[in-house]
Structures are given as C-alpha cells and as structure tokens.
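Down below are the structures I want you to see.
In what follows, chain A forms one complex with chain B and a second complex with chain C.
And now, the complex of A and B:
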C-alpha cells in the first residue's frame, strides 16, 4: 500500500514540477533568459486565482482562469519592461547581458514577492480545487484534485510538444533556439517568436502556479524556493532541453517523495541537492543538455 | 489681501502716503496673525512636549503580526482621548521586522538609541523575542511580547534577574499552553468523545520544545496514550507523507502544535479527507481570515486561544474586538488582544512610577494588577519559575478552546462561556 501511495504521490508532484520546469527551460532555450522571477510569477498566479475566486463568490474556474491570465500579463511585462530593454541596451557589453538579465529578473522577482506580501500577507493561500472529494485508486485514497493536477500537467506538456513539433510556428520556435541568426536570414521576424515564447511561458507558469496553489498552497515566501526548485531541475536535465527537464522533473519528484515517506519528511529536499552536486560535478551540462 | 498694487488715481506723495498706510495696515494684520499662530504653536508644542513613545516591532506582512501595531494604535488613541498619561500623549512608533530576528534587533537598537522610545512591544515569534531579550538588558529598555510562547523568555528573567528584569512575558508560556489544551481535552476529547489515543504533531521550532514536553506529560494524565510524536520542518509544504504516517498509526486524535504552518496542513487534511480530527494549538487558526485562506477547509479545526470575539472573557474583550473589526475589517488575531492590553499596562506603569525611568517602570510593572481583554493580569515575581510571566489560573488567565464551524470560530470550552458544541466534518471518523 505504501508503495502505491508513493507511486501516485510521486507522479502527481513530478507532473507539477515538470510543468513548472518546462516553461523555465523553454525561455532559456529559445530566448536565452534565465528568468529568476519564475517562482514569484507562479506564486502570483496562485494568489490571484485565490483572490479572484473569493471575489466572485467562490467560483474555482473563474479564479483559475484569472490566475493564468495574470501570469500571462506578468510574463509580457517581464519581457517588455525588464528583459528586452536590457537585451537591446547599448550601454551593456554583449557578454555581460545575460548576467544583467539574470539580476534584473531576480530583482523583479523580489519586487513581485514583496508586493504579494504587502497586499495579501505572507500567509499561504490555497486555490480552490476544481473538483472536490477523493477517489480510491486500488485502495489508496487520492483527492480528485491531485488526479486532475496530473492530467492537466500532462495535457499542457502534450500540447506544447504538439505545438513545437507539429506546427509551423513551433518549428520556427525550435529553429530560433538553435540558431536565431539563421532564422532571421530566412526572413522570419524574431520579435514575434519571442512574443510567442513568452506567451507560452506565461501560460505554462500560470497553470503550474494555479495547480500548485490548489495542491499544496502557496505564499509569497515560497517564491524563492520555487525558482530554486525549477532551476535545479532544469540544470539537472540540461539547460535548454525540454525532454531533459521532463526526465529530471520525475527524478526529482520521486526522489523527494521516496525520501519523505521512507526516511523523513524533514530532509525531503536533501537527496535532490546532493544529486545536483554530483551531476554538476560529473556531467555539468546535465542529462540531455547542449550548453 | 493687502495687495500692494492698488492703484489710486492720485499721484506722488498722496500715493506714497496711502501706500504707507496700507503697509502699516498689513504689518498690523501680520503681527496679529503671527502672534495667534505663535501662541497656538507654543500651546500645541507644550502639549506635544515629551510624548511617551512606545515602539511596536512586528511581522506586519503576517496576519498574526499586523494586529500588534494596529491594536497598539487603538489603545494609544483611547488613552490619548482620555487625556493621556499625566498629560503626556502616547505615540506608537512602528517597525517591521520582516520575520527576521536580525532585523528585529536592528529595529530595537534604533528604537532605543535613535528614536528614544520608552517601551517596546514586540513580536509573536519566539526566536525573534529570544534574540531581543539580551538587548533589552543591555540597553535597559522595557520590553514585552504579546504573543511569543517559549519558556526560555521567563527562564532568562528567573536565571539572571538583574540583567533581564526589563523583559515581561505578555502571553502564556508553552508549558502553560499545553496545560490549557490538556484541560480542554480532558473534558472534550476524553469526556465527551471517549478518545483514548493520540499522535502529537508539532512544527520544529523553539516554542514547541517545552510544549511537546508538557503534552507528553499531561496527555497520559488525562487518560490519553501518545502513540507517536512527530516534529515537522516549518518549511514543509507537502504534508501528505506525514498524514499518511499518522493514519497508519490509527490514533483517535491529532494533538497539534503549529504556528508557522497552518493553512497548508489544514487544507491538505481536508482535501485528503484524513479521518482523524485535529485538536490543540494552531496559531493561524486564530486569525479571522483563516476560513477564507483555507477556502473553508478549516471546518472542524479545534484550537486553543486566550480570547475570542464572541466571548466576554472580560467586559473589555468584545468592545475591543468590535472596534478593531470596525476599523480594519477583520477580527483581531490573538496577539492583537494582548498588544492592546500591553499599551495600557505600560501607560499604567509609567503613571504609577511617575516617570519613564526604566528601573522605576519595571518596578511599577511588576505591581501590575490590570483587567485586560484576556483576563486579570498579574506578573509573577522575581524568583518564580516563570518570573515576569502572567499568572495563570482561575480568576486570572485561563484558556479557551474554539472551533471553526460554518465560517465562524465558536467557543466550545470552558462550559461556562461555550457558545456551541464540538462537531466534525463527515470524513472524520469518531470512536463509537
């Protein structure tokens, strides 16, 4: 019974990690941006979903939709206000731009976090589950919401895969991540590619944030941890590789779950960190990374 | 007014004469106005001379913390309206410590050395209070906490009175809280529900060390066998493995000791439909917004408090709660009641001491016999185990057990003030 519980719980948490990490790695792969406001964005999506659901008298769906839209808007703001001005700036030498973007997004993340704490306090908020109640899977009691979280996460990742591999727009996206100059030489507008990538990122991070909020609850305090978590998964899987992040998300999710159940919930994150150290030492580009 | 450029159809000296008269007129008006303002300024300055400054250092981004400066301001306003203390007005100086002991210490130093406050009301987090305590001694600054619980706070006063005597503990010590929970459990859990076994679940923090120690002593005394004792990291976000483990041990009740966490374990308890009720200390459950924060998952959570908005613990309790709600939109959290009382007690001590000299204030504070919102407050004397803590017991401070029911916290114990009975959601299995 314990084994089945671990299997199911691990699967749900891994799917959630995968969703969050995919967006993070996509932005890095295509746009070259290490967005350290990722966690704050997810927290903002969750808290917005909670706040809006409350305002409309408890409608979970409206709240969730509002959360995703808020994340989308915030992603655009991050791109136009923070990232693009730095990338286009003439005052900053080319090699240093990545560091500046990193720092810029870090500071932006802190601003969002503080704003959330100011407006909503740092008490965790839970997003209303879309479906209440529990279901029994082979004797293990699982909340419907957990099943839904897993399903939606996989659906989102699946749609992303379809987009990237089966549509023209997606192929351009892939091309942009491999060789942006080549793409422009073929006559494509890079700016519309970047807009698309940030839009996809905003939606993914928004869904991840809202689902996380419903599954575990989120507070402004979690912003930093969420970014760190996405970062370690992405480094483990290889920066820029979406399939790498997926695999890494499952490795991390299961390692954490097994630790929490079999050893102790208190040291849940420790084996993952140790693994990260080992991977960075032995294979710094991650499992499937290119850079 | 007094426009210098009034043109009269007269030239030369006549014009000069009129201008001169106008200027004289203006000067007289100016002198009159000036003296009126000057007098008013001097008068208000004399009244504003030497306000009594009380600092609040709290975690204003946390629901438990923001109540502290808010309640302090309500108290200050009331005292000032009634004439202040010996004619002096009370001024509340607010500091936010951002949940950090280091920042709290910096704020304390600044309050004492730069802003020259006369007393401090600080925090509901034990780790922060324990960091401030030595500074209270070094800077000879009277300090009281409206919400921290660690036994260490009063132990230090007991162990080194001369150095730490400026510190007062305005809330129950963890051991006293545990005893209060056991008292309530004796009637409700053992008496009414006939429960026999429990698992103690607390967060790993300074205040729960003495709490758990006392739980493990007092629970068996009331007839409850403790099957396991789980201490969880305050950073835990996923409580599923913990509930899973507890469920495997099949206790009748979970006795809680949580403060830093609250919303998440409660929501996950409800979502996973853990069939075991929770009873004990849950600081976040004392916040009026807990129901909303958990989207109603709080239904059935039973928690210990010293004050509640529906119980007239004293004639001051409900009026304060109502006033706070009218001004800020929500019922006050637990530390707000005590912070309100603390301002009154400092004011009273300064009045009786006739000065703001720290040593005299401490002496006067020790003789406090004040009926606040949480009960009749007496501080235990030097030499007592809980020196400068509050006297607990019949006629002084007792606790309450309340339970969230249909969106409201309902007091269920003691019987004398209970407004309802314990009830649990359908997924909770009670012993037959």
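And now, the complex of A and C:
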C-alpha cells in the first residue's frame, strides 16, 4: 500500500519536475543561458493564476491561462531586458558573459520574488485545481488534480518532443544548439530562434508553475528552492540534454518522495543534494551530458 | 619583460590615486565615533563585517574567475565552529576565532580541491549545494545548533558601541590591506591571468590549480574569521544571519556593485548596501526589490561597478 502510494505520488511529482526542468535545459542547450530567475518565474505564474482566479470569481481555467500568459510575458522580458543586453554588451568581456548572465538573472529573480511578496505577501497560495474530487487507483486515494497534473505534464513534454523532432522549426532549434554559426550561414535568423526558445520556455515554466501551485501550493519564498531544484535536475541529467533532464527529474522526484515517506519529510531534499555532489564530482557532464 | 614594466608603472599611478581616495575616507571613518551616535556605529560595524565577506568573495570571483554562489558556506562554517566551541566548551573568544577560521579554511579546501576541476556553472552549483547542505544540517540538528532560532553565546566581543566599532573597523582595514596587497602582487596577477584564460596562463608555466587553491584558502580564512567575529559582535549565531542564501546574495551584490576585481570596491559596495538597506527599511519588502534593481542596472550599464574604472588594475585599454 505504502509502496503504491510512493509510486503514484513520486510519479506525479517527477512529471512536474520534468516539466519545470525541460524549459530550463532547453534554453541552456540552445542559447547557453542558465536562467536563475526560473523559480521566481514559476512562482509568479502560480500566484498570478491564484490571484486572477480569485478576481474572476473562482474560474480556475481563466486563472491558469492568465498564469501561463504572465510567465510567457515574463520570459520575454527576461530575455529582452536582461539576457540580450548582457550578451550584446561591449563593456563585458566575452569570457565573463556567462557569469554576468548568472548574476543578472539571479538579481532579476530576486526582484520578481520581492515584488510578489510585496503585492501578495509571502504566505503560500494554493491555486484552485482545474477539477475537484478524488479517484481510487488500486485502493490508493488520489486527487483528480494529481492525475491531471501528471497528464498535462506528460502532454506538454510530448508536444515539445514533437515540436523539436518533427517540425522544421524544431530542426532549426536543434541546429542552433549544435552550431549557431552554421545555422546563420544557412540564412536563418538566430535572434528569432532565441525568441522562439524563450517563448517555449515561458509556456513550459508557466504550466509547471500553475500545476505546482495547484498541487503543492507556492509562496514567493519558494523561488530560490525551485531554481535550485531545476538547476540540480538539469545538472544531474547533463546540461542541455532534455532526455537526461527527464531521467534526472524521476530520480530526484522518487528520491524525495521515498525519503519523505520512509524517513522524514524534514530531510526531503538532503539525499538529492548528496547525490548531486557525488554526480558532479564523479561525472561532471551529468547522466546524459555531451561534454 | 617590457610589458610587465608598463603594467607596474600603471599600478603605481593607480595606487597613488587610490591612496588619495582611501586615506581621507579612513581618517573620517576612524574619527566617526567622536561625532556619530550608537545607531550609526552599530550599522557601520555590521557593514564592515559584510565588507570583509565581499572582499573575500571578490578575490575568488574578480581575480580567480570562479563564481562562488555559496560565500555563506565558508562564513557559516567559521561562525558556527566558533559558536559551538564557545557555547558548549566555553573556549575564549580568540581561541574560537582561530578555530573558526581554521575550520573554514579546511572546509574551503575540502570543497575546492575537487570542485576546481569543474568549470563555470558546475563550480557555482557545487558551492550552492554546499550552502544548502550546511543549512539543512544546522536546521535538522536544531537540538545542538539552535536551528532557525539560533545559538546564544556566553561571550561577546564588547558591550560598548565604540569598542565594537573599532574592532570591526580595524579588522576590515587589516583584511583590506592584506587582500588588496595580495591582489596587486605577482600572485594576484597570476590569479587574474588564470581567471581570464586558464590555458594560456598554464602554458606560460604558472600552476593555475595551485594558485586558485591558495585564493580559495585565503578567501575561506577571511570569510570564516569575519563570520566568527560577526556572531561574537551579535552575541548569537543563527542560520538567518550567517548561512542563509539571502546573505550570500547580498555579499555577491555588494561585490558586483562596488566593482569586481577591485577588492576595495567590494568593501565600499558592502557599506553602501547595508546603508541603503537601512535607509530603505521603511519601505519594507520593497527595499530588497530596489537594492536588487539598482544592482541589476549597475550590471547592465556599468558592468565594472561604481569604482571599476577607477580601481581595476592592469588598465584594460
């Protein structure tokens, strides 16, 4: 019974983690950017969904849509206002751009987080679930919302896979991650590809944020932890490798769930951190990393 | 060797300019207790410890080119070692400070020896994870460490504001002199070279790993010592003041604001940051927002910080 409970809860959490980390790793793969405002973006999507749903009288669908749109806008702003200027700056030497993008997005994340805390306080918000009720799977009571979370996460990841592997647009994305210069020589506009990546990222992070808000509840204080967990999953799976991130998300999701159920919820994140340290030392390129 | 000669001349010139700026400032700060009240002194005392945090961080980031997202790992190890020894075994303050900084160096080396094989984001991640692990350990062993509430210390550095101020001030000045001198020494130049182009630096025959390790140990020493002194000033050690990620972020903001690769800029950035935080305090949560926004604007439009142009050695064009 407990094993089944762990299996189901772990699956839902892992799917959610995978969704959150996919966009993060996609941006790194295509444009070499590690966006440290990721957690703040997810928190913003969740809190927007919560606030808008409240405003329109409890319509969960309108709220969720608003959350995803807010994340999309925020992703564009992050790219246009923070990442692009740093990458184009002449005053910053090339080898330090990476560090500046990290610091810049970190500060941007803090700004979003503090703005959220100021506008909506930092108490945890639970987004109204899209469907209510409980279903019984082999004797384990599972909220419909948990099933839906898992389903939406997988659907989004599946769509992303189709987009990347089966469309011309996706081929261009892949090419950009392999050799940006070669792609520009073939006459493709690199900046429009970056915009596309950030759009995909914004939507994925937005969906992940809203689902997380409905599943576990999100407060602005979670921004740092969310970034850290996406970062850990992505490093564990190999920076830039989407399939690696999916595997890593399941490792992390199950490790956390098992720890929480069998040992104690208070040390939930500790085994993951230890595993991460070991992986980074023994195999710095991650499970499926290319470098 | 003609290139190096030119470099030293430039450094001499800069040094004069720096002395013109720093000496009057130090005189004013040293005489401040004559005129200022306890509130201002207390604020500056805190700012001076932050200044040492930021300067130690700049040695790693600005010179060795390693972005350490976990300055509070080193600070926290130093602070909690000192706190535990003082709380449970009643070691004297100097002994606690020595033990705290020594443990911070050991912890720093344990972290750095394997981590320096990693580059860029991986190194940053390991340092970040180190902080999270330390924080988890401290909170989970709350019975021993006081957890989130903190551990009270039987001893304090001094009760008097002025005396505390001078302890912190003296400590900051000595640390700044050592770190600044180091950054302008041949070792500092080699560090800078390794940070900018590790392959070329090692091709020139410098042992990059050894120099970075030394930089890490020195950074750890000053961070740990400053952390230990800070808790003896406050009379209590808590996760929120010496370990939390937010503290580390403030240290990073201070160093970036003041100007990386300057050491002294980091100190000025820290004092500015603490001052600004206090001035903006009535705004509540918006204060952090504004500070982060200012730091972001500085990064975007003035990437070498307030004092970068003025203080950076090896004049880049």
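Here is the rule we go by: the second predicted complex is superposed on the first by the 290 of 291 C-alpha atoms of A that agree within 3 Å, B and C clash if a C-alpha of one lies under 4 Å from a C-alpha of the other, contacts with A are read in each partner's own complex, and residues count from 1 in each chain.
Here is the rule we go by: contacts are C-beta pairs under 8 Å (C-beta built on N, C-alpha and C of every residue); 3 or more make two chains touch, one makes a residue touch a chain.
Computed from a prediction, not measured in an experiment: that's the story for all the values here.
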Identify the partner contact of A:103: answer first if only chain B is touched, second if only chain C is, both if each is, neither if none is.
second
Partner chain(s) touched by A:22 [first = chain B, second = chain C, both, neither]:
neither
Thinking of the overlay built on chain A, is A:232 touched by chain B (first), by chain C (second), by both, or by neither?
second
Would you check which partner chain A:145 touches, where first means chain B only, second means chain C only, and both and neither mean what they say?
first
For A:54, using the defined touch cut-off, is the partner it touches chain B, chain C, both, or neither? Pick first, second, both or neither.
first
So, does A:273 touch the first partner chain B, the second partner chain C, both, or neither?
second
Is A:9 contacted by the first partner chain B, the second partner chain C, both or neither?
first
With both complexes overlaid on chain A, does A:129 touch chain B (first), chain C (second), both or neither?
first
Applying the touch criterion given at the start, work out whether A:111 contacts chain B, chain C, both or neither, answering first, second, both or neither.
second
Find the residues of chain A that appear in the contact set with chain B and again in the contact set with chain C.
117-118, 266
Complex contact set, residues of chain C against chain A:
61, 65, 67, 114-115, 117-118, 120-122, 124-126, 128-130, 132-133, 136, 140, 196-197, 245, 249, 252-253, 256, 284-286, 288-289, 292-293, 295-296, 299-300, 302-304, 316
What part of chain A is in contact with chain C in the complex they form?
34, 82, 85-86, 89, 91-93, 95-96, 98-100, 102-104, 106-108, 110-111, 114-115, 117-118, 224, 228, 231-232, 235, 239, 266-267, 269-270, 273-274, 276-277, 280-281, 284
In the complex with chain A, residue positions of chain B that touch it
61-63, 66, 99, 204, 231-233, 235-242, 244-245, 262-264, 267-268, 271-273, 284, 287, 289, 292-295, 297
Complex interface listing, chain A residues touching chain B:
2, 5, 9, 13, 50, 53-54, 58, 117-118, 121-126, 128-129, 133-134, 141, 143, 145, 216-217, 219-220, 222, 225, 257, 260-261, 265-266, 268
